[in-house]
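Take a look at this one; I'll ask things after.
In this document, chain identifiers A, B, C and D correspond to the written order of the chains, with residue numbering beginning at 1 in each.
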Amino acid sequence: MTLLRKPWIWAWIAAIVVYAATIAATAGASAAGLAQAAFTFAAFSVIVGLGQMFVITLGPGNVDLSIPATMTLAGTVSLKLMDTADAMALPGLAVALGIGAGVGFANYALIKALRIPPIIATLALSFVVQSAAIWTNRGLRIKPPETLAAFSTGNLWGIPNLAIVASLLTLAAWVLLERSAWGRRVTAIGQSLPAARRAGIAVHGVRLSAYVLCATLAGLCGFLLSCFSGGAALNMGAEYLLISIAVVVIGGSSVAGGNSNVPGIWGAALFLFLVVSMLNTYGFGAGPRMILTGLIIIAVILAASLRGPASRGM
Amino acid sequence: DTSDKRIALSNNYAGNSWRQAMLTSWETVTGPAVEAGIVAAADAFTTAENSATEQAAQIQNLILQGYDAIVLNAASPTALNGAVREACDAGVTVVSFDGIVTEPCAWRIAVDFREMGRVQVEYLADRLPEGGNLLEIRGLAGVFVDDEISAGIHAGVEQYPQFTIVGSVHGDWAQDVAQRAVAGILPSLPEIVGVVTQGGDGYGAAQAFQAAGRPMPIIIMGNRQDELLWWKEQKDASGYETMSVSIAPGVSTLAFWVAQQILDGREVPKDLVVPFLTITQDTLEANLETTPVGGVANVEYTLEDAVAVIEDAG
Amino acid sequence: MSDAPALLSVTDARLRFGEVTALDGVSLALRAGECLGLVGHNGAGKSTLVNVLNGGLALQGGSLRADGQPVRWDVAAARALGLRCVFQELSLCPNLTVAENARILHRGQFGLIWRAEARRLAKAALDAVFPGHGIDVRAQVASLALAQRQMVEIALAFAEAGPPPRLVILDEPTSSLDASIARQLLSHVRRFVAAGGSVVLISHILSEVLETATRIVVMKDGQVVADRPAAEFTPAGLVAAMGSTAQERRRAERGAAPAAAAPLVVHALPRGLPVRVAAGEVVGLTGLAGHGQTELLRALHDRLAPAWAAGRRPAVAYVAGDRRHDGILPLWSIRRNLTVSALSALTRRGLVDERAERAAAEAWRSRIGIRSPDLGLPILSLSGGNQQKVLFARALLAGAPLVLMDDPMRGVDVGTKQEVYGIIRAEAAAGRAFVWYSSEIEEMELCDRVYVFREGAAAAELAGAQITETAILEASFAGHPAEGAA
Amino acid sequence: MRPTADLIRLAVPFLALGALLAGVFWLQPRAMSYTGLNLLFNLAVPIALATLAQMFVIAVNDLDLSMGAFVSFAACVTATFLHDTPLLGALILFAAVAGYALLGVIIHLRGLPAIVVTLGMSFVWLGLAVMILPAPGGAAPGWLRALMTVRPPLLPMALAASILIALAAHLIMARSSLGVLIRGVGGNERSVARAGWSVLGAKAAAYALAGLFGVLAGMALVGLTTSADANIALRYTLLSIAGVILGGGEFVGGRVSAVGAVVGALTLTLAGSFLSFLRLSPDWQIGAQGAILILVLALRLGLDALERRGVRA
C-alpha cells in the first residue's frame, strides 16, 4: 500500500494498462515487439526528461525550452563532423556534448545577466540555436557512421542498446538527485531560492550546473537520435519540447519545483509512447486520438491525486 | 520591363530539408535575375514558427515595405485570405505555390496533391495485382496538404478494392516522427504489403520495418536523397522495386518567374498546375546523381519553362 | 467577573496531529472587557488554540460555545461574532496594496465603488493604532518592511468594518516590532479593552503580558496549567508556571571582550561607522526596526557567502528573521532543513552520508530542544518557535566562523531563549563571532559591542558597560524629536 | 512622488514598445500612417486577448499550456458553427467557457498541477478542432469580419481595440473586487480563505475569464483571417506566456498587470515586424527573433535596478 503512495507509481500503472490494452488487440501476438519499440523510443524521452527534471526542480518558471533546438544543432554538427567516418565517432560525440554544454551555459548566462525568466530566456535562445543549425548545413541530411548506426539500432540480449544507455543515465540521475549533496541543493533551491541562498548554497553555481546538465543531455539525445534515425533533420527535436516536460510532470514530479522523482520519468515516457500506439492500433483518427490522449493524461493525474498524499495545505 | 520591380518570397516554415531546398533554389535562380537587372530585388522572408497568423503579419509587413509582388508558400489555404486581400487592395501581385491560397485575387501554382496520393495506390495495384494490407503514413493533422494526399490515397483504395488500409499514423512529414509512429503500431499489424506515404517519411518507415524484423513491403518514397540512396542499396542487393513521388522544391522559382511575367503585363490565368516529380526504378540512378547528399530531388525553372507553363494553361 | 455568558468558550478541547497531541483538554472562556494573556513554551499549543477559536481547525473532542450557545463553528461564524485574528505567520497578500488587503479582510463591507472607501478604512485603522506610522496605504505590502507589514495586519484587525470587532486574537504581534511601536500597540489594546472589547494576547515577552493582560493563562504541552488574574503573577512566578527551569540572565555570563583582536571582517557602509567584527565577539545591531540592520546582515552575507562555487567549509552562516520567506525549506523534513548548511561536511565523495546526518541532527535536537517525535516529519509540522530553533541549529551546525543573526529569537519562548543565549556565549568563547540584530533591546546587553542604526547607517557604537537601554534609545533618536521615546 | 514599483514594472513594456516602434518607423517611414499602424498591429488583437486569458490563469499561480489549442478550437467553432448556425455556435462557445471554469474547479478541488491538466486539455482542444475542421476552411461570420475591419476615425482599429481591451481587463483585474480577490488568491490563498472568501469560486472565476478571453481571441482571429484551421493559434501558448511576463507579470504571487500584458503582446507582434524590415538572410531570420526577444527583455534590467533603488529609499 505504501507503493501506491509513491508519486511515480501512477505513470507506471498507466503504462502497463495501456500496454495490456494494446496487446489485447492482437491477442498477445505483439507483446515482445511492442515492448521493444516502447523501450527504444522511451529512451529518447527519458534522456531529455532527466535533464528537464533537474531544471524543473529548480522552482517555478524554470524550464528549458531550448531542448529541441539543442538536439537539432548537436545532431547536425556532429554528423557533419563525423561525415560517416567510424573513426570520428568519439570526436562527434564530444562535439555533441560540447554543444549541449555551451547552450546550457548560454541559457544561464542570459537568465543571470539579463535577469529574464528562464522560460523566456531559453525560448529566445532556442531561436538562435535553431538558426545556427540551419546555417551550418541548411538541413542536408548526412548519414551517421556505420558502427554508430548499428549500435543505436542494436540490441543486447533483446534489450535495445538505447534503453540500456538511458537506464544507466537514469540510475546516475537517481543517485544525483536522491543521494548527492548537489541533488539536495537543487531541491532546496526549488523550494525557496532566497531561503537556499541564506542557507549558504551557492545558488548560481548549482542552477548553472543544472542548466548545463540539461542541455548536455539534450545534446546527447540529439546525437543518439540522429544516429538512430539515419541522419539529423532540422525539425527532429520538435516533438521533444512537450515530451520532455510531460514525462517529468506525468511522472509525478512537482511542477512547482523542489520535489522530483526519477522512476516516474520512465513510466511516463513508456506511457506516452504506448498511448499513441494503442490509439493507432485501435484505428482512431487524428481528432479522437488526440482527445483521448488528453483525457487519459488527465485521468492519470486525477488518479494520482485520489490516492496520493494531498498536495495542498500548508 | 520589370527592372524596377521588387519581389518578395513569403515562407512560413524553414525547418525541413524540403523548405531549405526551396530557399536555396530561390537564391540560385533569383540571384542572377537580379544581377541581370530583370528585377530590382527578390528577397526571401521566413517566419520563426510555422503559423498562419505569423505569416499574415509578415505579408502585412511586406505590403508596408512596398514590394510589387509577393510569392507565397502559405501556411493555410484560407487563413491568409484576409492578408492576401489587403495586399491585392494595395496593388500587390500575389502568387501562391505549393501551399496555395483560395483568395480569388491571388494566383495559384498548384500541385494536384490528390492525384499524388492516388498514383501511389495505382502503382501498388500494378505491382501487386492480388492486393493486400496497406499502412498509411500521414502528415501533420489539420493541414491542407495532409488532408488532400490522404483523400487521394483513399480514393485510390476505393478504385483498387483489393487493398485495405489496416493502419494509419501521423508522421508529420519527418523521418524520426514517422519512425516512432510506425514502430509503435507495427507490432499489432498483420502482414503489410505496401506503405503509402506523403514524402519525407519513407526512410523512417523502412527503418522501423527493419528494426522490427518484418518483411520489407513496398514503401513509396518521397524524393529525399536518403530515401533514394536506401532504395538504391536495396535495389542493388535484392532487386527491391518501388517508386518515389513528391513536389519539387524548385517550384518556388517557377512562382518567381510567373510573378515577374504578371508584373511585366502578361495575361496569366489565375490557376496553373505543375506536375509533381516522380522517380521510377529506371530514373533512380540519374536522379540520385543530381540530388545533393542529404537533400531533395529537385527541378529548377527558367523563364522559358515558366512561359511554357503559362501558355499551356492559357 | 460578570455573570453574562462568555463571549466565546471552549471546554475540554482536544486535537491531535498524527502522533503529536497539540491540545489535550483545554478549557477556556473569553469575556468582554478583558485582555487574556496566553503564554507557554514553544509548541505548547497556543497557535493551534488560536486556529480552533478562529474556526480554521475543527476540534476532535470537546465543545465550543459562542455567547453561551453551542454553535456550528467555522471561519464565517467566527467573523459574524466579531472575532478578528492576527496570526503568528504574517498573512497579508504581499502582492496587493494595503487598501486592497483591507478589501480582502473585510469581506461584506464594501460596495461597487470600494477603492476610496478601503483606503480611508485602512488609513483610519492605522492612524488609530499606530499614530504617526508613515505607511502609505496605496503601497504594495511586499514593498513594506516586516515590521510595517505586521503593523498593517494588526491595525486591520482592529478596523471598524463589517461585524464590529468584539474579540481580537493577537498571536505574537510584537515579535518583529521595536519597543516604541510595541508600546503603541499595547496602549491601543488597553483602550480597546477598556471600551468593552476582548483581546487574547500571545507573547513570549512576559513583561508585555504582565503589563497589559488582565488575566493570564499558561499552557504547557497542550494543557492549561494556570489561569489566574494577571495581578497574581510575578515575572518569576510566571516563568515558574510555564515550567521553565531557566534562570534570569546574568550579565556576568558575558565573556571578556577581546578588545584589540584583529577584526575578522570589516564592512564599510556608505555613511556612518564601519562595522567590524572580531573572532570570538558577539556584536549587536540595534536601533529602531527597519533602519538598515537587516540590510547590513544581507550585504555581509552576500559578500562572504560565494554564490557560484562554495568551498568545503562555509565562511559565514545566517539565521533568517523572515523564516517563511528566507528561512525554512517548506517541503523538507526537519532533519534536512537542519543539515542543509552543513552538507559539505556531511558528504563523502559527493554523496550525503545519511548516518552522519542523522547523528548531527539528533545531537542538535537534544541540545536545543526541538519538540517533535521524529525529525523525519515535515518542518511545517513544527510550531513557529520550534522552526526558529531549527534555523538557529542549522547556522551553528554549518561550522562557519561567523554567524549572522536577523532577530533570531522571534517567537522563541523564554526558557529556550536562555538556553540559546548560553549556546551563543559558549560558541563565542570557542572563537566564533556573531553579528546579532534583535528587536528586543535587552538582548543587546548580552553583546560585547553594539552598533546603533539610524537611517541605514551605524550611528553609534557602544561597548561593554556602555550598553544600556537608555544609551541605545538615546542614540536611536538622536537628531529626532523624541516621538516614540515618551 | 516617487514612482511606485508597479509603475516601473509597467514602464518596461511601454519602453520596449516605443523603442521597437521607433526602429520600425526609422526603417520604414511608410509605417507611420493610419494604414501602416493598422497593418503593423491588427494581428496583435487576438494575441492581446489570448495574453489576457493567460494572465488570469497566471494570476492564480497556474499556467495554461492549452491556450493556443483552445484559441484554435474557438476559431474553428467560430468559422464553422457560429457562421452556419449562430445559435449553436454561441452555445458551444459558451459551453467552452463553462468547461474552463469547471477545469478551474477540478484543479482546485483535487489540488492538481494546472500545467499537467492543461497539457492534457491541449490535446483535447486540438483533437476537437481537428474533428471540426480536418482541413483548413470555414468562413468568418459577416458581422465579425465587419467588426474586425472597421476603420474608426483617427485611431486605427487595431490600436483602438487594444486600448479598449486593455481598459476592460484593467477594470476587471485592478479595480473590481473580483480582480482583487483573484490576485489575492495568487498572493496568499490562505489568508483569502481565512477572511471567509471562497477560493474555489475565485479560481473558477479566473478560469472562466480565461476561457472568455480565449474565445474572444479565437473570434477576433477568425474575423481577421476570414477562416480557420486546427493549428492556427498553437503558437499562442508560448506567445501569451511571454506577453504576460514581458508585461511585468510573474509566474507566482499574483503579480500581473492587464495593461502590461496587452502592451507586451503588442511588443511581441512588433518584434516580428521589425525583423522583416531589417532584411536579414533567411538563415538568421529565426535567430534574430530570439535576439530581439532577448534585447527587449534586457530592458527590464535597467528598470529593475531603478525599482530596487526605489524600494530601498
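By our rule, contacts are C-beta pairs under 8 Å (C-beta built on N, C-alpha and C of every residue); 3 or more make two chains touch, one makes a residue touch a chain.
Note that this is a predicted model, so its numbers are computed, not measured.
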| item | value |
| --- | --- |
| Chain pair with the higher count of C-beta pairs in contact (A-B, A-C) | A-B |
| Between chain A and chain C, centroid-to-centroid distance (C-alpha), Å | 45 |
| Chain A-chain B separation of Cα centroids, rounded to whole Å | 32 |
| Rounded Å distance between chain A and chain D, as computed from the means of their C-alpha atoms | 29 |
| Length of the line joining the C-alpha centres of chain B and chain D, rounded to whole Å | 34 |
| Chain C residues counted as touching two or more neighbouring chains | none |
| Residues within chain A bordering two or more other chains | 127, 130, 134, 138, 254, 285-287, 290, 314 |
| Chain B: positions in contact with at least two other chains | 14, 23, 48, 141-142 |
| Pairs of chains in contact (touch as defined earlier), listed by label | A-B, A-C, A-D, B-D, C-D |
| Residues on chain C engaged by chain A in the complex (per definition of touch) | 301, 305-310, 314, 316-318, 320, 325-332, 336, 340-341, 343-344, 346-347, 350-352, 380, 394, 398, 400 |
| Of all residues in chain A, those that touch chain B in their complex | 22-23, 25-26, 29-34, 37-38, 40-41, 127, 130, 134, 137-143, 153, 225, 228-231, 233-236, 238-239, 273-274, 276-277, 280-281, 283, 285-287, 290 |
| Chain B residues touching chain D - in the complex, by the definition given at the top | 11, 14, 23, 43-49, 51-54, 56-58, 60-66, 76-83, 85-86, 140-144, 146-148 |
| Residue ranges of chain A touching chain D (in the complex, touch as defined) | 60-61, 65, 110, 114-117, 119-121, 123-132, 134-135, 138, 242, 245-246, 249-250, 254-256, 285-298, 301-302, 305-306, 310-312, 314 |
| Chain A-facing residues of chain D, complex | 63, 106, 110-117, 119-131, 134, 190, 238, 241-242, 245-246, 251-252, 283-291, 293-294, 297-298, 300-301, 304 |
